[in-house]
């Protein structure tokens, strides 16, 4: 256990060594939040209710999404892709430390620090702009939202892991990752709640993994169970299962076929 | 001049050849950009067809704002792509081989890496914007002319910014991501800067002049700018451009290169 | 042709504290004087070597002479121009080759860089073809000139790089560590080429190198630089004569001896470890030492060596 605590500490320390990188990343997140926040504020300038959300609901949604995104999508898993490409992965595996526990520890450290900054930023924004917000319907809603969020984190972790496995067979790891992030930005609900979309489109998206990362938990906290379909949890578990199998299969196959020529 | 055009053309063809060496990556990246644009476009369209107005602008107007942001953004990327690779050139010392050549170093380090992927995407934006501009009522040719002029004006500011990034790269190797800051900031102008409350709106217009770069071209198209504003815009962009050149000259004098 | 007068260069490096904000707004600098008011002149058609340890100021001097760096003080004139102005007429007449620096288009064949340089240096077609043909033959690059530069070996890369730098037939050629990192064959190819090229094109060549053999084989005149100052400027031969006063004798013995019995001159350095006896002696004592030694011992083999150029140079640096 001791070594994982140490690793956690080291990962956090690294952020302070490369603080410029970290600050810039946070800067980008804040700008993102500003764009979405003001976009929706402007929308409510001439209407009280848009797409079934009133202003406090929408603003609460936007702020929650910003925090949840940091929790779900900040990840160090993509580092494995680079390590497979340059051969460093070998050194990792030779250490007397479970590779997956290693990965998980770093992941938790990374998420903690990003969420902490995200919370600080959001608080500052709240203090400056003082928007009206809404509170969740009941404690039970919070629990269900938390379950979805947790499963969302697992899904995001597994997808990033699978995408990194591409490195075993091809140097082209950047482009798929870029496409994944594009899809996440648009389809995970970062700019707008997905249920404002026309019903047919929304139903199709509901079959994909995207609404279960951050949209569903945020929407639950804002709108309660009124628009909630319990099947969601089944679909999400189904995705977690599929992704888990894919991730472990790819990892095993990749390690067997790994030919490192050196670069 | 002819010499510079020839060099520019050679750099462009070489950068094209280089990009084409990795066809899978090229296709995937282009695809990614198009998906991002497509879904965002759909979102703007869908949003405005329901709410009708955004900061006082109609659906078609908002779309023209959105497309103009994309045009200025992708033209700047198309032209100044090489700036993203500048830090490596400084750190490796290869910049020295550029400085001893009888051409303006900007030929290589500013506009020496034309990105064909962005050229392709820019054309799509331009076709779309032409269509939507003609959907707007009461647009005169003067408005269109001013629109184009303001886009050029925006690109001049973008050029100034990229030159300043180069100068910073020469002065210190510590600041690595200045160009990414620029990219992130410009995204604030995806929608007209009118959506921001004061004093943010003022800051995003005149202090960090993304409003002038990306929102004002459309405002001039809609005849919303006064002669005073035009004067301010042109003065600002020319001043920004000249100051960035001055900063570059200053940086060259302070350049320390590497090694003994 | 090249005049350098009281040239001074001071580098400033920021001092980092733990306070990033303070560093950013009120940065403190440490000054490091890389060149202390140095002066020298170089005539046309000279082949001159700059010698000195790492950080002595050789490369800095070259970077100032080519206009890359701005001198803190002093005057530099090359071909009648002030280098830092970067006048195109000036840059067209010089070339700066830096070992392990790359001007080639990495992903593309060398020929593409040549075509680009043809436009940059505005070389007429006929002259371009002629020069390229000659250089291709001299450096024997024909077999790989059409392959992407990134696939070439270090030695091949240096050769295509040299062509790119010489395609405009520069009057003054600056070479900073042109053989660094190369194996002995590639090194020899490059050095022979530079010698040949200088003879053929009558250009002025200024060279720095870690490998004293490079300098020895190329330069008649050398400038020794240390701690930003010139400590010797003159013929290489004189430098060697002035500092090389010692010879080294190495004897392989057949049986053990008592060194004391040889009665060698008092200042002879003796290293004895059977079966090897090594003696370092002054030049004028060499005959005496050999006679005394050989008449007393039973030996298998004997060699007499001059000091290497490295040793001579090291000594001259120490004396300063």
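A, B and C label the chains in the order they appear, each numbered from 1.
Definition applied: a contact is a pair of C-beta atoms (placed from the backbone, for glycine too) under 8 Å apart; a residue touches a chain by one contact, two chains touch by 3 or more.
Everything numeric here is computed off the predicted structure, so don't read it as measured data.
Asker: If I average the Cα coordinates per chain and compare with the overall Cα mean, which chain comes out closest?
Answerer: B
Asker: Would you identify the chain whose Cα-based centre sits farthest away from the centre of chain A?
Answerer: The most remote chain is C.
Asker: Provide the C-alpha centroid distance between chain A and chain B, rounded to the nearest whole angstrom.
Answerer: 29
Asker: Indicate the whole-number Å distance between the mean C-alpha point of chain A and the mean C-alpha point of chain C.
Answerer: 56
Asker: From the C-alpha centre of chain B to that of chain C, how far is it in Å?
Answerer: 45
Asker: In their complex, what parts of chain A are in touch with chain B?
Answerer: That would be residues 20-21, 24, 27-28, 31-32, 34-35, 38-39, 41-43, 45-47, 50-51, 170, 172, 174-176, 178-179, 182-183, 185-187, 191-192, 196-198 of chain A.
Asker: Please name which positions on chain B make contact with chain C in the complex.
Answerer: The contact residues of chain B facing chain C are 3, 6-7, 10-11, 14, 17-18, 21, 92-94, 96-103, 172, 252-257, 259-260.
Asker: Which stretch or stretches of chain C touch chain B in the complex?
Answerer: 11-12, 14, 34, 54-60, 63, 66-70, 84, 86, 88-92, 94-96, 98, 100-103, 105, 107-108, 112, 115-117, 119-122
Asker: If we count contacts the way the header does, which residues on chain B are in touch with chain A in the complex?
Answerer: Residue positions touching the partner: 22, 24-25, 28-29, 31-33, 35-36, 39-40, 43, 46-47, 50-55, 174-177, 180-181, 184-185, 187-188, 190-191, 194-197, 200.
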